[in-house]
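In what follows, structures are represented as structure tokens.
Next come two complexes, and both contain chain A; in the first it sits with chain B, in the second with chain C.
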Partner chain A sequence: MKYLYYPGCSLRSTGRAYEESLLSVLKVLDIPFEELNDWNCCGATSYVSIDETDAFALAARNLALAELQSPDGTINLIAPCSACFLVLLKTERYLESYPDVREKINSTLDKAGLHYHGRVNVRHPLDVFVNDYGLENITKRVKYPLKGLKVASYYGCQMVRPFKTFDHSHYPETMDRLVNALGAEPVDWPLKTRCCGGSLTGTIQEAGLRLNRLLLKEAEKRGADIMLTCCPLCQHNLECYQERINRKFDEKIDMPIAFFTQLMGVALGLSEKELGMQRLFKMPSLNQITHPKGEMVNAW
Partner chain B sequence: MHGNGYNGTVRIGFYICHCGHNIASIVDVKAVAEYIKSLSGVVVSSEYKYMCSDPGQELIQKDIKEHSLNRIIVASCSPLLHEHTFRTAVEKGGLNPYYFQMVNIRENVSWVHTDMKAATEKAKDLARAAVQRVFHHKSLETKHVKIHPDVLIVGGGIAGIHAALTLANAGKKVYLVERDPTIGGHMAMFDKTFPTLDCAACILTPKMSQVKNHPNITLWTYSEVAKVDGYVGNYKISVRRKPRYIIEGLCVGCMDCIEKCVYKEGKTPDEFNLGLSKRKPIYIPFPQATPQIVVIDPETCIEFKSGRCKKTCVEACDRKAIDFQQKEEIKEIEVGTIILTTGYQPFDASRVPFYGYGKYPNVYTSLEVERLVNASGPTGGELILRDGRHPKTVGIIHCVGSRDKNTNRWCSRTCCMYSLKLAHLLKEHTDAEVYNFYIDIRAAGKSYEEFYDKLLDENVHFIRGRVAEVSDWAVRPSEEGKLIIRAEDTLIGIVRRVPVDMVVLAVGMEPQADSQDVRRMFNISCSTEGFFLERHPKLAPVDTFTDGIFIAGCCQGPKDIPDSVAQAGAAAAQALILIDSGEIELEPNTAYVVQEECSGCRTCLTICPFTAISRDEAKQKAFINEALCKGCGTCVAACPSGAIKQNLFEDEMIFSEIDGLLKMESPACC
Partner chain C sequence: MRLPTPTTVHSEEEPHKIEKMKRVIRRIKFESELDLNFGERVADRAYGQKLLSCIQCGTCSATCPLAHYMDYTPRKIIAMTREGFKEEVLNSLTIWLCASCYSCYVQCPRQIHITDVMYTLKREAIQMGFHPKRLPIPILAQEFYKRVLKDGRNTESWLLVSLYLRTNPFIMLREAILGLKLFLRGRLTIGREHVKRRDQLHTILEHKKGEAPL
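Showing the complex of A and B:
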């Protein structure tokens, strides 16, 4: 089964490390994929809140393009960014459930010579790795088990809500199971789907910083060495504002924030460059990760 | 011609009912009556506001005499509601009631359509189908069957117990079948009952012992219904009696065997105390268990697992009541009526992971707290938490698995009141601060609101808002080591964080896990949420759509003890009506064999679910016993020669009806 890959704009800007690590991991696991041709912006949360129908049309263009690129059967379209994932999924579900919306959107698409027939399944890469490829298979490919590394998985809100796809809406566990399969130790914490502030860090910064501080503090308190995310905006918020949070609230937070694909890559034996590690502001401390034979792995 | 039992010309009277606005606001009843008048065979066609009223019925009777009508059709509501009414009216008019046909244009037309034009056309089609059908109607005799006076009651909770005692006291013989080793159900697990605060055991156990000792009640615990055959008045039931490895007639419940078991301490989670204590492989569920007979659990007993136990229990029993060889036993009984009181299961709180049940030890379900505060419970009534502490603050979360579209949409009706009761008991036992988190307090019942007032006076806190989560996420020093309940207080519009030592989840009621299997076995229906469906939500609340089978208690829907008992009494009364009338009228919808067309192939013999068909070996033909035939139609469809016909559903009737629907002139009616 070949996957189609929809990068979205974040993975080409602030989230480049996510794309680099995702593609490297897909390749090393021999998961076949190709990029969606001529994809466009998903519209993110902003467009949907201004004009839902226009936003659906914009997102649906990508779904129609996917059908054009894969003429037969069901198409699994990987959308790694949580906002893209949600918007595309929402579009897919709405077009499926509401014939009047489908008709309207298709009449718009028709003008661009496109049509959406309902063959696309929007998938999050976490779902693909854990439920399609399988944890047992991942464990088999692990070269450097991340023994002793305590990982707080942070899911954010958009991947699990409002649509319940592959995990629980309030207490997801897929990433924790993946962490376990990589040999690391998942940290159980109640804030795994609590809001990171989204775009508030850029608008009402006071509120944004407060929300991020709660997450960082609690992960730290539970002994996490690193926090994992599956969303470029969450990663950006949690990583880039730590200095400001420390100044404002008189804290000493120093928490590495990585994409889950980066941690997978480390365990699978990929190089720093392949995983976009140099793009992180905070490097996890090296002595946490040990080679099975006892030598340090210089991944980071 | 066969099938048309009436000699002479067919003269049809057609009546369409307005049903107030129910039908007439969507269906143009005048247009339908006008149209039907034009059809061949129709002598009278009229509309009337309420056909089921006395004047409506008299209209039919008058027309039968004045116009010599010999077929009557009423287009109105569902036959379930008024077929009997109109058949009786037709009979009073001097016509055999089976010359009547009903067309449902309310449930099938006006209530489900909004377009008047299309609805009127559909009503016309359905009415025309009936007009073509009645040409083939014939005069039939009503069947009567005798009602066996014995009653089967399934489920020995408070509803089953009450129904059994009511019937037994009325002199009827009752079989009470219970799946667990003891009767008592959930009520036996409760500590006190709202709003009077009398102790559940004190009011229940006398009734349990009456059941055990009543000469008219046969009590089979640790047993399940395995098979149900027959029909109203004549049910044949197989009951599977699971082996308890104890000879019931010999055991006196002295419990010496339990004491002498090779296990010095219990190792298995105790079902009755919901795993809050441990039991041995040989045990009695609770001190007042009825019958007071020991049971051995083969899953945990060493003798069953290895065959190498010292069997100290056998040595200890003076009466030689222990029998490791005991086998499952099947009992066959005949009863006339059945009452299902199979109860409910509490909602599984771990399905709402953000409330932390199963994750944080001090999060309890309400039923667990009933056991915790009970004097015969795992802690002797002392409120000790799983981590050994005594709680100083307790949060009770209402509507867990109720009023929630992610789990169960319905209100479980009892949780508000039992939460108030538990708040009172927790305060009484611990003097803790108690916080209730509620959506609405539903205290609709006699003296219930007063009980709520009393709790307010006892300084129990009430916070209106559905709880978002329970966690150990402390953000202040005062929250360290506590469970933090986060909820919006919707009355003042703030988000609260309430640190507590203990959380009680007021879990709702769900249908039993096997309610669908039980439904199929007894051939009754379930409503969408899975509770057993009553025949009518207002006017037949304990009847089902299967004659002779009644439901009571929480298997029909969530309810408290007074309502369960009231329903149980009602179900017993319904059974008594059938028993004391001695017989029941049945539809004459039996099948019959057209002898000259039967090839004697025996196909029908094997498939009849009621063993109503035998073979006349001399004539080599099948023969249907009308008294046993239930009119299911299986043999009619299966007969390879088409030799079996069924009254009320003759081929000519069905095909004419289809022709009528498709606007084809049926050759038979011309």
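Showing the complex of A and C:
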């Protein structure tokens, strides 16, 4: 089964490390994929705040393009950014559930010679790795088990809400199971789906910083060595504003924030460069990752 | 009929700047001044009449991570929308603080699509020019909208620059160091991205903008 891949704008800028690591891991696991031709921005949460028809039409163009690219059967479209994932998924679901929305959007698409028939299945890569490829198969491919590394998995909001496609809306466990399969130790913490504030860190920073401080502190108190994210915006918020949070609230948080695909790549034996590690502000020290308890492993 | 009282927050937690933006005017509002069908009209736009069946249990406010910073909690917004406090609702800071986390949406015992209600209110507020002036969120949404309307893709660096220019250019200084750090790590692209078939995109997005006012 070949997957279609929808990168989204963030994976081409602030979230570049996510794209680099995701593609490297897909390749090393021999999961076939192809980029969606001429994809456009999903519209994020801003578009629907201005014009709903435009928002759905914009997202639906991607779905229609996916159908053009794969003429038969159900299409699995991988969307790694949680915001893109939800916008595409929500558009897909609303077009299916509300005939008036479907009609309106298809008539706009028709003008440009496009049409959406309902064959796209929007997937998050976490779901693909754990439920399609399988944890057992991943474990078999692990070269460097991440023994002793304590990992707080942060899922954020939009991957698990409002649609439950593969895990619980408030206490998901898919990433924790993956972490376990990589040989690391998942940290149990209650804030795994609490909001990071999204773009509030750039707009009403007061509120944004407070939300992120809570997440970071809780993960720290639970003894996490690293926090894993599955969304470029969550990663950006938690990583880039740490310094400001420390200054403002007189904290000493020092938490590496990586994409789950990066940690997967480390365990699978990929190089630092292939995983975009150099793009992180705080690189989880390789020693900490590859020889968490001082065991010498020949990783890099 | 009484207007809701402002949310109480722990005093040490009180974010001053936000506090300044909250302006809850306490005055008597007569029923004849309300827009009594407002709730129904919003419910129509926000997928279903369920909004009208809210039991005021407060689950939405309890689960909302931003309730502390809002002038009206989500429960109050639902109540006020239903009762016809159109002006107050559209002028509230709440609708802009809602980060679309969908916690309330999945927890509401009446399955009210609260996040969609917030979106409906945001659209209406922008259209009516009701949002607090220079509040960056609606401006971010508008800048983003324009950028994508034109190019089909968003280039984050350009988006932020136009946002700060329209709101508070001094923020640019505050963000400059962060921007540089991102740039040095190849995480800030300067070239503008766009789709190949811009004509196709423009055809799709070419229609009468906006909805009939609520």
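The definition used in the following text is that the second predicted complex is superposed on the first by the 289 of 300 C-alpha atoms of A that agree within 3 Å, B and C clash if a C-alpha of one lies under 4 Å from a C-alpha of the other, contacts with A are read in each partner's own complex, and residues count from 1 in each chain.
The rule we apply is simple: contacts are C-beta pairs under 8 Å (C-beta built on N, C-alpha and C of every residue); 3 or more make two chains touch, one makes a residue touch a chain.
Not measured: the values here are computed from a predicted model.
Undergrad: Touch test for A:Cys157: chain B only (first), chain C only (second), both, or neither?
TA: Second partner only, chain C.
Undergrad: I want to verify the contact counts: of chain B and chain C, which reaches more residues of chain A?
TA: Counting residues of chain A touched by each partner, the higher count goes to C.
Undergrad: May I ask you to decide whether A:His115 touches chain B, chain C, both, or neither, giving the answer as first, second, both or neither?
TA: neither
Undergrad: Which partner does A:Arg177 reach: the first (chain B), the second (chain C), both, or neither?
TA: neither
Undergrad: Given the touch rule stated above, what does A:Lys147 touch, chain B (first), chain C (second), both, or neither?
TA: In the superposition, A:Lys147 contacts neither chain B nor chain C.
Undergrad: On the A-aligned overlay, A:Lys248 touches which partner chain: chain B = first, chain C = second, or both, or neither?
TA: Neither chain B nor chain C is touched by A:Lys248.
Undergrad: If we overlay the two complexes on their shared chain A, which of chain B and chain C does A:Gly202 touch? Say first, second, both or neither.
TA: second
Undergrad: Is A:His168 contacted by the first partner chain B, the second partner chain C, both or neither?
TA: It touches chain B, and chain C stays clear.
Undergrad: Jot down the residues of chain A that show up as touching in both complexes, chain B in one and chain C in the other.
TA: Residues common to the chain A contacts of chain C and of chain B are 169-170, listed in rising order.
Undergrad: Would you pull the chain A residues touching chain C in the complex into a rising list?
TA: So the residues of chain A in touch with chain C come to 9-10, 12-17, 38-41, 43-54, 57-58, 61, 94, 98, 108-109, 111-114, 157-158, 161-162, 169-170, 194-195, 197-200, 202-204, 206-207, 210-211, 240, 278-281.
Undergrad: In the complex, go through chain C and note every residue touching chain A.
TA: Residue list for chain C touching chain A: 13, 15, 17-18, 47, 65-66, 69, 96-97, 99-103, 105-106, 115, 119, 122-123, 126, 135-138, 140-142, 144-145, 148-149, 152-157, 160, 163, 175, 178, 181-182, 185-189, 193, 195-197, 200-201, 203-207, 209-211.
Undergrad: Along chain A, where are the residues that touch chain B in the complex?
TA: Going through chain A, the ones touching chain B are 168-171, 189-191, 214, 218.
Undergrad: Report the residues of chain B in contact with chain A in the complex, numbered from low to high.
TA: 353-354, 406, 469, 471-473, 475
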